[in-house]
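Paired with chain B in one complex and with chain C in the other, chain A is shared by the two complexes that follow.
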Partner chain A sequence: MAGVAGKFVKSGLLRVQSNGIIQQSHLSTLRELSVGKKAGLVVVGSLIGGAAGLAYTLDQSVKASGLDLHAPHFPWSHNGMFSSLDHASIRRGYEVYKQVCSACHSMKYLAYRNLIDVSHTEEEAKEEAASIQVTDGPNEEGLMFQRPGKLSDRFPSPYPNEEAARNANNGALPPDLTYITAARHGGEDYLFSLLTGYTDPPGGITLRDGLYYNPYFPGGAIGMAQALYNELIEYSDGTPATASQMAKDVATFLKWAAEPEHDDRKKMALKALMLFSFLISVSYYWKRHKWSVLKTRKIVYKPKSE
Partner chain B sequence: MSDQEAAELVDPAVAIKEKCSQTKECAALLEKFNACNDRVASKSATTETCVEEQTDFLHCVDHCLAPQLFKHLK
Partner chain C sequence: MSLVAKLYNNVLRRSSTYALAIVTGAFFFERGFDMATEHLYSEINKGKLWKDIKHNYAPAE
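Let's look at the complex of A and B:
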């Protein structure tokens, strides 16, 4: 459009030069057009504007009737810029994962050694690892054998492969939970809402057998049944195991699993901010110091006195 | 949940959700949601669903619940 307008203006200017007469009217691009063309322009303009308006409105209406409910922001204790994760909660969350979630969900990228100094001591982590059986081998006779787990072993998976997992769960694949807070929109807020948010399907919605209704799950129909109920497990630290408490703890645990560097990262940010603010002030002073000579010099023009 | 005995553990979320759904904004949305459920149930064949009404209602309850709930949890 600008190019067309420019052409008109330019031709007008050229004509002004060649005629040698100042004709203000030639600077306007519309004056030269006939009434019919003007009407045409108005129609095209209003069509384009209308189409844009319609597209915008339709887009907005699509957003308004999205089928998934967005989880609210919960005041997690690790929300602050320099706030660490609640490690007591991570430990409780591990208990929830081990006793509830691990029946269907793997966490195959997490090893028992990762728990050391996060939620468990080395001794406790060794005990946890020893409670599972791992297939190892081959031994001298070429046979695979079972042995108790070691710190270096990963968390055991409930199913040997994806097909087995789908077969056992009505065709739905329970996702691996290692990086789940990073892999879902809303992160730990979403997980907490999903775990505590099961409802009856609203009017007009019928579910296939083996599906459950959860308004936070995109589409609403979820293959996982409500997993957390009050007093489902007993916490080793005696915390009352309400459904909300378990959801909060397991969400914190999964947040740690997805971002094991979380606490270090925030500590490093604090260090970096302190160090760099010091270095910036030093370099600012140094720059001013070095430039002080140049900035305060005076250049004098002195004509030869004759 | 309401017929639980006193000795049993009660999830603090239940009471907060109950209180939140009685606030002015949420109660109006709940009424709409219930009206929709009744309307859909009363028809023998309809393509209408109450997903949107439910979403609006739960959205309201969630934003009332979110700042309160964690104070009652460890």
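Let's look at the complex of A and C:
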């Protein structure tokens, strides 16, 4: 008798009930809410979504996205998820910065020691540092003196202060280039486009003296003249120094300067993704293993048989 | 005695040897894993890293 009753009750528990509610759906906390509370949740959700949409639209509306041209995405060799920077290009980019850009732009947060094992050997970096003169002191007589640079010295700035820089450049301040790829929308794509994008102003646009036309610069009128021309410098590794080659190399160099951890970061990503995908699969198996007891249990009411 | 049973009886059974196994296992795993990923990374980026162009500027060591 008991066996028959047990079978009957069991089959009743196993059958999907006619109103379509299966047992597991009782785990949901939403079921217990009243209609009013559910409606309240919907209202709160749509308010949050609407506010996010509004914030996004307002943010877009204040961006100067009128006539300025956005830089296209270039196929940088460091674009990939695990792709390092091209260090030969960094070295050439340093040559371009030193011979062209550094006439007006400082890179005051970069020291010569940072070049070691990135683009230069230690001896080369020492030579580069020794080629500049640094004011040091005071000495025993209380006087400042000049000495050749050391590895710990930062890159020299072309102007002593911002006012001097503006005065020498028609009122325009040449920005410090250390973190420039991080500080501009479009990063190295923008820099490359800017450096190679100088054109004559289109009809109807007249520029003040000392301003130049560049469609990639917000507003179009830029205080910097075109700096890169074919064969302007000579690369020490013999690469033909076309204007676009120099722009590409200096953009890579500045990308490294802004993100010196770039290569290590991508190597870490490789390690972390490998390790964590393994750990996730282990913990998924472990969870299934631990829950298998709960998931497969059946609670049976067995009436006491006479 | 199977290999698993041998492992259990000699290593995993006592907390002292179990902890030791974890520490030495971590050491060798990390060395191996680091070397493998370093190798993979320099294969992906062959020709672009500093160690690939260093010989152009430094005398061979």
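The criterion applied here is as follows: the second predicted complex is superposed on the first by the 241 of 306 C-alpha atoms of A that agree within 3 Å, B and C clash if a C-alpha of one lies under 4 Å from a C-alpha of the other, contacts with A are read in each partner's own complex, and residues count from 1 in each chain.
In this text, a contact is a pair of C-beta atoms (placed from the backbone, for glycine too) under 8 Å apart; a residue touches a chain by one contact, two chains touch by 3 or more.
Being a predicted model, the structure only gives us computed values, none of them experimental.
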Worksheet item: Which holds for A:T121: it touches chain B only (first), chain C only (second), both, or neither?
Response: second
Fill in: First (chain B), second (chain C), both or neither touched by A:S244
first
Worksheet item: On chain A, which partner touches more residues: chain B or chain C?
Response: B
Item to complete: Kindly classify A:L85 by the partners it touches after superposition: chain B alone (first), chain C alone (second), both, or neither?
Response: second
Worksheet item: Regarding the shared-chain residue A:L33, is it in contact with chain B (first), chain C (second), both, or neither?
Response: neither
Item to complete: Kindly classify A:K271 by the partners it touches after superposition: chain B alone (first), chain C alone (second), both, or neither?
Response: second
Worksheet item: Both chain B and chain C touch chain A; at which residues?
Response: 88
Worksheet, complete the sentence: Listed in rising order, the residues of chain B that touch chain A in the complex are 8-13, 33, 36-41, 46-55, 58-59, 62-63, 65-67, 69-70, 72-74
Fill in: Interface residues, chain C side, partner chain A - complex
33-34, 37-38, 40-41, 44-45, 48-50, 52-54, 56-58
Fill in: Residue ranges of chain A in contact with chain B within the complex
65-76, 88-89, 193, 196-197, 199, 202-205, 215, 220, 230-231, 239-245, 248
Worksheet item: What part of chain A is in contact with chain C in the complex they form?
Response: 77, 80, 82-88, 91, 117-121, 123-124, 237, 263, 266-267, 270-271, 274-275
